[in-house]
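Next, two complexes with chain A in common: one pairs it with chain B, the other with chain C.
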Partner chain A sequence: MSDHEYTPKSKFGKWFNDRLPLLTLANHLTDYPTPKNLNYWWTFGGILTFCLITQIVTGLVLAMHYIAHADMAFDSVEHIMRDVNYGWLIRYIHANGASMFFLAVYIHIFRSLFYGSYKAPREIIWIIGIIIYLLMMAAAFMGYVLPWGQMSFWGATVITNLFSAIPLVGEGIVTWLWGGYSVDNPTLTRFFTLHYLIPFLILGLVVLHIWALHVPGNNNPVGIDIKKPSKDTVPFHPYIVIKDGFALLMFMIVFAFFVFYTPNILGHADNYIEADPLVTPAHIVPEWYLLPFYAILRSVPDKLLGVVAMLSAIFILAALPWLDTSKIRSAVFRPLYRQFYWILVADVLILGYVGAMPAEGLYLLVARIATAYYFLHFLVILPVLGFKERTLPLPLSITEPVLGGSPNLAVAKKKSEFK
Partner chain B sequence: MSEKKTNRRDFLFTATYAVGAVGVGATIWPMIDQMNPDASVKALASTEVDVSTVTPGKTITVLWRGKPVFIRRRTKEEIAEARLVKLEDLKHPEKDQDRAKDPEWLVMLGVCTHLGCVPLDQKGDYNGWFCPCHGSHYDISGRIRKGPAPTNMEIPKYEFVNSNTIKIG
Partner chain C sequence: MKNFFRTLFLILLLIGFQYNSNAAEKVEYLKTDWSFKGLFGKFDRASLQRGYQVYTEVCSSCHSMKYLSYRNLAEKGGPEFSEEQVKAIAASFEVKDGPNADGDMFTRPGKLSDKFVMPYENKKAAQAANGGAYPPDMSVLVKARGGGVDYIYSLLQGYEDPPLGVTLDDGVYYNKYMYGNKIKMANQLSDGLVEYSDGTNATVEQMSKDVTTFLMWAAEPHLESRHQMGFKAIVYLIILTVLVYFSMKKIWSRIETEV
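What follows is the complex of A and B.
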């Protein structure tokens, strides 16, 4: 990957590096040539790394005080909130951290969608990302079960019951997942174990995600291939480190706002009632970040097909590099895609909204239309658009539109305004 | 290279892979099966309920295997209503006679067959149960009439030990 051989300056460094080339790796990471036009939407990779570390560290601390037993879990969480020194702070960071993690990952995913970062040669980065996203959802779901409140219990019941939609073996799988005939203590202890494991799996996949990224290098807002290193790139350190750092600081302000001012706004009051297997809360909704998929599940009136639709909505993303037939990456040069992109954003937000509402009347109708459009976007609009769309001419390099004459009228016009 | 004869070494490789696969399978199975219900969970398989205080038109809910069981003592009108329903109107056709051996007593798992929530009593469009999670409507026989649930609410194995006691399981 490195375009130049690296030799440590000190004698010890050289001795060490010959045996374990950690310094070569560190040098690669600092000198890593990065497109110089990366905007703030590119800072969310770093922000997500911060979120993962935050969740692992606060989670470790919580695990020191939490008791994974159906009779004691709820009380142990209250014990953390009231008795443990700074327990309230650590738990609120962990609980809101999950939401912040998803907020960042959605921005990261939609950044990819806008700038075509999933296209060749970055398909593997994208697919690893989708696997990370799936694991995040699994971790978040199981983490939400651990406080053993009403939403924990009934959320766990509803989600595990999704598997009962599988013909023939479904019921057996659900019993196996539960370790009993309902969600109970065996379910809680295994969810705790898996909730503890998954972040480390994610960490491993993040390493692969970054490794796969460093082979072709970053995509950029213009979406063209660039020569690395060249006039179009800057070294990762200090340029990108500073930019990422500043964005992270802004993100942490938002994070801290939730933790210190409205720590429960993203949760449900019902989860402060201890789990009761005899009473289902009147209105069960998952956490906000799963709502669009929940809306898709509920919009299909058949149990098996509802589950299939919901899972397809996620897995369809993995096929995106092949569903999008356009060779042009960035939506900047795709006038039609750009509009469909924003319609998709609105569609997903609408799905999220109706997912939080009762599945009846107008809400159900809207959910059905939005679900149909979601699949239409990926299965029809994207494949067709690649052939039909008249894209704008691409610049030859990142530097060219700024320094030389540009074939792109929009950019050229902007330039003439400066004169 | 074109004609590759099977020799002793190929046989040994195949035999080794086969034995290896059996070994891996035998090792993985206990790891998978440990997640199934254990002996202590299975031991709680039956429960006895005193129903002497249940008057007609009333439902009690008891816990069996961690799940709610509805025991409803139905009124005459309710029985008539349940029995009058035509089978072709049902998504999951079952006669009320087959669901309630003693027409006065409906004993069923209070678990929505959609995704496992507990339906609410005397709600919904069919005067039976209504699941608040995803809007399934059940009639007074616990049969699915409207909404995403695929089947009627399940009838567990139960028997009257005496006129006042039901044994579930």
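What follows is the complex of A and C.
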């Protein structure tokens, strides 16, 4: 935190700020010293904030027209698409916005993995991030149920049924979740309520996430601690604001392309068929962003263990700051980790692919190997790597690596651009 | 920055690839040139009007279109019949209304605000009349099928005699584009089945194309304004991005760091 005392210039400003230091906060946010070598992978934090706000605003408008009732939900969505002024636009932004949100969050998470942003002293930021991610998945899942199409209904049935794997109380819990003996109107209304609530929880956590970030300050592509403020930093405004803004605009172009030209490509056609409890779709698949976890779930033959594996795959991330034993943050200086990192990226993409395929034959085999590797990466490779790996020498600072006489200056400079 | 975008592009490509391979069935659908595809895609007005004719004269005896109202037929971006025409179309249907002051239901000629009249009272009646199969509502049918317009277009022309070894139950027909090849709808179209008022030759291919175009509009009535707005929005964003890019370069030129 930049820590010269701030005093407002005007008399009123001073009077107000003494009572509620909003101006001090604004000053902190604009002056906030940010490493000047942040690359474009760092712009996704801002992009994610944009995604959250977009989802909340469009969601509020949709909620004004949507009817959370099993007999009317599907009709009300069609009413939004046809008769509400620009309803189609609002709904397509909201539906594709969810996908964009996840695209951005995955980039954000994998950026963190590459540059070791989860390591001390940033563990709390990371853990809050994982909670946000979990809530995002819950919100997205429940949101997908609301149009009450075939995939909504059967997706909800499959996912809620997972709880029945819990020994003894499982069946009872499922009935309790449903509010009845099958997914029906009570399920829809509670999902709607929770879908409305969760974004505001996320918003609160985002504030904490940023607050926790502003204590140690940003990590950076070189991954070394830097003095703040110094020649290594720039004030957040205008340098980072304009850069984030530029990246956000690029992101919005992609977003707009989906919304205006292929608004349904990321959804499943079956969700334009009204929910029918008597007809099961040929393949029940979740949205693309949940596919890797779906693959893990199905790769275990036992239902309970499958659920445990799926949940562990998420919760293992929370333990990451302690599983990764290396003191070096950035993969730029970790030649071995860098390779394992890309294998993990490939592994997750493969899991996503087989998650969309029927769980049989070769797909199932691949899913099992990829699942095993996923856990191997976090439970074995990362802890061992910290001890075995010979890392490259770190520069002393971002601007003056020469002083350190580092022979790897060229590497540091080149690698920090990220390939 | 170049590296950044290269990586991003690769990831997007991979995700896109995953999605495409998602569409499991690999039947080659018949292709035709749809006027509504592409950045500036618009509906072919005449085709929509002909498609409506095919729908009313052929499909509507079994398939409902419960989300459409007669007024939609006159709206911008649709078939754009004149208001008089649509009033006449609506009036040609008997609509059940009521209860009146005496508490009785009555029928009256349709109005612009009425929804398309349903062929059956309810789903059970529809099933009873069609050997147990429910003719799906057609309002969003195009979006509710994996192959979209190409699938519907192909299906309408995909009736064939079953190959050797395939036996069909009574009321089941063979269609090479149908999932599992068995369909409970008989072949409906034959050359010259309807008489187009604009003189277009009503071949099976032509009717399939027209009615599919009509169904696309029914499912996406705002498609044209979506495309128009999309083009403007993206051009606007690109210009703004360029301006912001140069502002960013200017601002970052104050310090010795590449942005």
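The working rule: the second predicted complex is superposed on the first by the 401 of 419 C-alpha atoms of A that agree within 3 Å, B and C clash if a C-alpha of one lies under 4 Å from a C-alpha of the other, contacts with A are read in each partner's own complex, and residues count from 1 in each chain.
Methods note: a contact is a pair of C-beta atoms (placed from the backbone, for glycine too) under 8 Å apart; a residue touches a chain by one contact, two chains touch by 3 or more.
If you're wondering where the values come from, they're calculated on a predicted model, not measured in any experiment.
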item: Fit or clash - chain C, chain B, common chain A; value: fit
item: Partner chain in contact with A:A359 - chain B first, chain C second, else both or neither; value: first
item: Which of chain B and chain C A:V158 touches, first, second, both or neither; value: first
item: Which superposed partner A:P186 touches (first chain B, second chain C, both, neither); value: first
item: First, second, both or neither for A:H283, with chain B first and chain C second; value: both
item: Most chain A residues touched (candidates chain B, chain C); value: C
item: First (chain B), second (chain C), both or neither touched by A:L266; value: second
item: Partner chain(s) touched by A:V234 [first = chain B, second = chain C, both, neither]; value: second
item: Inter-chain angle, chain B to chain C through the CA centre of chain A, in degrees rounded to a multiple of 10; value: 70
item: Chain B versus chain C as contact partner of A:A104, first or second or both or neither; value: neither
item: First (chain B), second (chain C), both or neither touched by A:C51; value: neither
item: Superposed arrangement (fit on chain A Cα atoms) - minimum chain B/chain C Cα distance in Å; value: 12
item: Shared chain A surface residues [contacts with chain B and with chain C]; value: 282-283, 358
item: Complex contacts: residues of chain A adjacent to chain B; value: 154, 157-162, 164, 175-184, 186, 190, 277-284, 298, 300-304, 306, 358-360
item: Residues of chain C defined as touching chain A within the complex; value: 1, 3-4, 6-8, 11-12, 14-15, 18-19, 21-22, 24, 39, 67, 72, 136, 139-140, 143-146, 148, 179, 219-222, 226-227, 229-231, 233-234, 237-238, 240-241, 244-245, 247-248, 251-252, 255, 257, 259
item: Touch list for chain B against partner chain A, complex; value: 32, 35-38, 41, 61, 63, 65-68, 114-119, 131-135, 147-150
item: Contact set on chain A toward chain C in their complex; value: 36-37, 39-41, 75, 78, 81-82, 88-89, 92, 103, 107, 234, 238-239, 242-243, 245-246, 249-250, 252-254, 256-257, 259-261, 263-266, 269-270, 272-273, 282-283, 285, 288, 291, 349, 352-353, 356, 358, 417-419
